[in-house]
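One chain, chain A, appears in both complexes that follow, with chain B as partner in the first and chain C in the second.
For the complex of A and B:
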């Protein structure tokens, strides 16, 4: 075993190595400008000029059209719902030049609804993205011209538009396929994420805004982050009094939910894969059934089973074990918080174990039989073989899964929200006894409209999960010895 | 071949992500309650057919009416051109400029001619200090009581004491509520003396419909309120008394013989009917309660034996026009609202969806429907009871956006529940209201609620001696 798990040190990079490519890029940029043809030089200012110079008219025209379009976008500032893009959007990012609106023409119904700060921030970021795209286009235009220069230098005819297009379907097909994905990621993932992060630094809280009868909000620096510790923010003492208990429970939940499902799954897989067991396929199918049934249906079914009028309470009362219903899931304010916490962990095992079992089954079947054979020859017992062969093998392969499972449990919205709804309720607070950061976040934003505080909670959750993931993963054998395991 | 397939998938992806981005300019979208969507779509289709010059198609969507105001204030451009909401949201929607004022003379005249003064007082708000009509009433609402006739006689249903007697015999709890929010708990807070309808409770009485205007007068610390709360505390502790609705739903309480009755509105009718069946479903006014020696101890403004009737907010659902709706549609939208809120459509809505009309004199129509056999006895009782119960109630007097928020979302209702439950309640000043059993504890809780109504937040500290408002 030891010979297969040899540690290979990673290449260490110094900080200066990180900046080297940037310096190289600037150096190349200047060199290209100096050495390039007149077309290449002009391409730095007029996109496609180099292509026109090399008679690549269609390509040149496309670059030029895009440049003109972006410049028009920046100068003429197209407007959607009364909020402009372009340079005005950059100015609007300060959220200083805002209007309360309210001008109304009773005849035509013309109504100025005032500035929309949400759109002002969003359009500001979109404009920044457009500026970045402008510079990317500039680089592409220059690169294209330089390539044509080089072709001419070696006596080759610069590529035609048709050849460039054909290339996009041949040697550069990956670019063709990745472009829509990147654009979609930019629009639907990166921009909303930046937007939500930005909200954490604003006073965007619909309740406070309703109080003041306004749609306007403004930047407030790191006040929302400080409020977590002082209780001065829009959620008052809730954020101060409930943040740490919710964070603590989130960790306890994530640890127990992860480990219980992980080891439960391994044990189940070992039992099912035991040699000589009859009906293995049936057992596997039964457990896979719990995966096949949508999780929310399973959870709601359990909620009904354990509910006030559910069969479990009915049975307990019928046999005289209890005089009234037991609040297993903490759905009433006075119910036991500890019991609710234990119950969600147990129920989560039911929906979580089959996943680990399924994966571990596959791993177990792939453990080389000769390892066990050799161990047996050496006189190892079954228990010793489990701890020296099976478990290290499974843990090595499943460490990334274990980490992603831990992070997934930190953000396990469904289980908590559908089973307990975060209850039992703490009177006067949004965050109940079993609320995780993520379910609390939902209540704070959707129920309370405290988008700024919600964004702060989201950022904290991200920092915590990202830190844990990075530290754990980088210290795991699966990362450090990924190339060594045979 | 693979590449062509990849390209096709990429194109499909682009179409998929941009699907639904278009907006039709010749369509007016209307949001109504889920239970009435089919009906309103039918009448709107007929309206378009009968008025070819209208020029727009109409799409009716059913929504959870309780969430509409939140959706509209959050993003008006995502909401319908015309939407329905409870009247108490008007102030908030007007203040945040999410709704357009109504200016069509014919529509305004119809509203003024058809609706009672109590509704007319709460459908206006201001824009740039000018008063405008914002909401057009079309459904009236009030709380009353559903009960299980299999266990409760008509006589027993008249009082909470009678209910308790029936509950004791059946081995159940007497009554529950459909929610613990400010609206549902009005049955206790707005209880009035049975003989003269009097109460010391005031909520924004005389408030002005302007942002920054007077908040009027509020009071919930009167002796009668305290006595009723003490009575409810005892009633909740009684094993055959009051219970909060099951997390499985108040209908689960009715269905599973968890309790005998529930305080609800017409919009709960179908659910209540499904829970215990139409033959077992009794409908009546919210019962009376008789103050006990214990509940009046230490109070001077009330005495044991005083009888109070459970109260209610008497509300109306209104249509409003979205501020971000295209100006070109403005005229057509007002025409459509005029049609949808007309007496004829309200009457049809009652017949098909059990929505009790909001206009004055609707009870005559309701009676004629029963006489002509168009509605069942239970449906007739439903409408009559609501109309009668509304006489014991007051419209939610939320004239500005701010006051609405203060009443509902600033922890007043949870404090009220904490007092009923005798549980501690945290305040922003880090002071914990640890006991809610004593007279002093109840006074402190009610002081907090009243303070929140007036200021929107908790007081930094309690006054050294609480005012005693008999």
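For the complex of A and C:
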């Protein structure tokens, strides 16, 4: 009760916080236009005009060049692979007038060879990003002009270009440092993510399109999401029949994989850090080996070791435990699904436990010794001390890790792909018995070419991981007291 | 008298209990150690396996005997000279490709991570908190979603394996690996947070610019985290498999990284089960330098992992 009471105003504040700057920005905008010098007023239309007015020629020229470049980009529409940028890209975003089987250019009204709807969407988003950059430049240009106005008013000389550059290494150093990452993340992370989200609302299925000999598709609203319940999408009944089983297994997998590695790691760390144990370093090195060796090596080694002709099956047959090879990993149709599921969790422990062990080792050594001393005086047993002191302490410290490892396991592509390949196979379906949402997403897109359905699966995965993370992470101490750590 | 006797009995029984528990610990650890090493040992032994059929053909498949009946270096010799997927001397080539990508990725990624982490930890500015939240939310999308779009994006600017310039795909791969690196700043930020703010403040009072503070104060103190980040980003391309597979492309075998190449020996479009021992030899060649690197830099690795655990 108490916590909800204190949380409500905080949430409210965060929402109004979000909108306040926008309102302020607009009111500032009008005010600055009215109050500004002639240079500032002109800066709204010709970037850098204010800088020229204050004799900051280099800065003004830079603004102007960028503005001209963007306007040229918008007007002249550079074309790559037959698909234009600029205003044409904005028009193309509608994907309208593109009839199946023909390449129709909505601007010229002619059919053009090589039109490609996925590039139209991609370039459309790039163009929107460029427009946003245009307005950011506009704001920068006005701000810089206003600053020069102010300097003049108080009788200071407007800053020279040299001073501006120096500032980028001091008071505005964060701009210098963050710009490369922002640009890279915008192009290689944010843009692709938005693009894939957009694909979820289209009819983009490359196999269908190859059959028809076209690169064209169109928007179809939320049909792909409805198809999860009706099975009428580009993937047919698979998405309806296999979605819930795969989702369920993804959760079971994530829970078991996280907890088994977590507690296994803690126990291993306790064993290795036991007082009086010799050869700690050797043991630790042995377990670090599995972390250091690339997963494709260690997992493929296990896959072959447990395979049909591998030593494990050989041994079992030699001692007469089984007559034929056991399909541990569901690599052949007809292998046991339950066994494959148990095996991937066990093999994953082999991969994951050393990692948790390393992490908790450091934490175990930081537990205040007097806690144990006091417990010992009170006559607590070792087991009791573990459950009452060690475990609560470790869990408290590593909660953020627990969450991130849960999310990591939901997205754990390597283990499943390299070990079982998703098998055992369900005839007629892409998703096998051990497929997670991510490996299914891979099969659906890369093998099957059903990009729209793949995007739907991806969005569901995101919703799940985001919900879990936001709920737990925002409540955690590490987040709320982030500032106090500094 | 009886009292001291009782205590000494208690101590003795305690030390006996301690000895048993220590013994059990040793047994458990040794058993676990063996379990952990068996698959690796098997790959290692398979790499040196040199068995022949009675009719003289070489046995390169997975066999049911754990220990080879004969040892030799044939697999390594074959691996370095063989033509795979139409590429002569494919394996050394793949190794070189991976090395080039790894070195460039290591430099770019480490630089990006350090610069973002420093800003987030030691500089105060308006967009700090929003930037942190956005980077966290982006991290929640499955990497594949963006991977496929990155492929289209790189393709549209010619940085995937197009027939005219197949080598450009490596540039694309470097972009794909290092571009998002800056968003993974959390561990390094956790490290910078520990550096006392007073140090920065006093330098500022002495008239140091933020740039100078970064270069002269933060970086020298940040050696452990620099090594950790460099190790992570250098080993990344050797460990990654799926990004390289998608971005370089299935047909572009001359520019594969070593993981894609080795995977393709056994499970590619032309899998050959008789190449298993050569695959094993390749694994040993790849694993040895990386494991050595990890062992040498273990201290820094553990430090980074522990910092990551607490900060999330």
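In this text, the second predicted complex is superposed on the first by the 434 of 486 C-alpha atoms of A that agree within 3 Å, B and C clash if a C-alpha of one lies under 4 Å from a C-alpha of the other, contacts with A are read in each partner's own complex, and residues count from 1 in each chain.
Just so it is clear, contacts are C-beta pairs under 8 Å (C-beta built on N, C-alpha and C of every residue); 3 or more make two chains touch, one makes a residue touch a chain.
None of these values were measured; they are calculated from a predicted model.
Undergrad: In the superposed arrangement, does A:449 touch chain B (first), chain C (second), both or neither?
TA: Touch status of A:449: first partner only.
Undergrad: After the superposition on A, what does A:388 contact: first (chain B), second (chain C), both or neither?
TA: A:388: touches no partner chain.
Undergrad: Using the superposition described at the top, determine whether chain B or chain C touches more residues of chain A.
TA: If we count touched residues of chain A for both partners, the winner is C.
Undergrad: Classify the contacts of A:169 with the two partner chains as first (chain B alone), second (chain C alone), both, or neither.
TA: both
Undergrad: Given the touch rule stated above, what does A:180 touch, chain B (first), chain C (second), both, or neither?
TA: both
Undergrad: Let me test your reading of the model: by the given contact rule, A:195 touches which partner, first (chain B), second (chain C), both or neither?
TA: In the superposition, A:195 touches chain C alone.
Undergrad: Is A:307 touching anything from chain B or chain C once the two structures are fitted on A? First, second, both or neither.
TA: both
Undergrad: Just chain B (first), just chain C (second), both, or neither: which does A:81 touch?
TA: both
Undergrad: Touching chain B and also chain C: which chain A residues?
TA: Dual-contact residues (chain A): 81, 169, 173, 176-177, 180, 184, 187-188, 304, 307, 309-310.
Undergrad: Any idea which chain A residues touch chain B in the complex?
TA: So the residues of chain A touching chain B come out as 81, 101-104, 106-111, 113-114, 169, 173, 176-177, 180, 184, 187-188, 206-207, 209-215, 231, 236-237, 241, 304, 307-310, 329, 331-334, 421, 423, 427-429, 448-449.
Undergrad: Which part of chain A faces chain C closely enough to touch in the complex?
TA: Listed in rising order, the residues are 80-81, 83, 118-119, 122-123, 166, 169-171, 173-174, 176-178, 180-181, 184-185, 187-193, 195-197, 268, 271-272, 274, 276-277, 283, 285-298, 300-302, 304-305, 307, 309-311, 313-315, 317-318, 350, 354-355, 358-363, 382, 397-401, 403-404, 407, 411, 413-414, 417-418, 437-438, 441-442, 445-446, 451, 454-455, 458, 461-462, 465-466, 469, 473, 476, 478-479, 482, 485-486.
Undergrad: Within their complex, state which residues of chain B touch chain A.
TA: 3, 6-7, 10, 13-14, 17, 70, 73-74, 76-77, 92, 95-98, 100-101, 103, 127-128, 211, 244, 246-248, 252, 255-256, 258, 323-324, 327, 330-331, 400-402, 404-406, 409, 411, 414-415, 417-418, 421, 423-428, 430, 456-458
Undergrad: Would you tell me which residues of chain C are touching chain A in their complex?
TA: 18, 21-22, 25-26, 28-29, 32-33, 35-40, 42-43, 61-66, 112, 115-116, 118-119, 121, 123, 125, 131-132, 135-138, 140-150, 152-153, 156-157, 175-176, 178-183, 193, 197, 209-212, 214, 235, 238-239, 241-242, 246, 259, 262-263, 266, 276, 279, 283, 286-287, 290-291, 293-295, 298, 301-302, 305-306, 308-312
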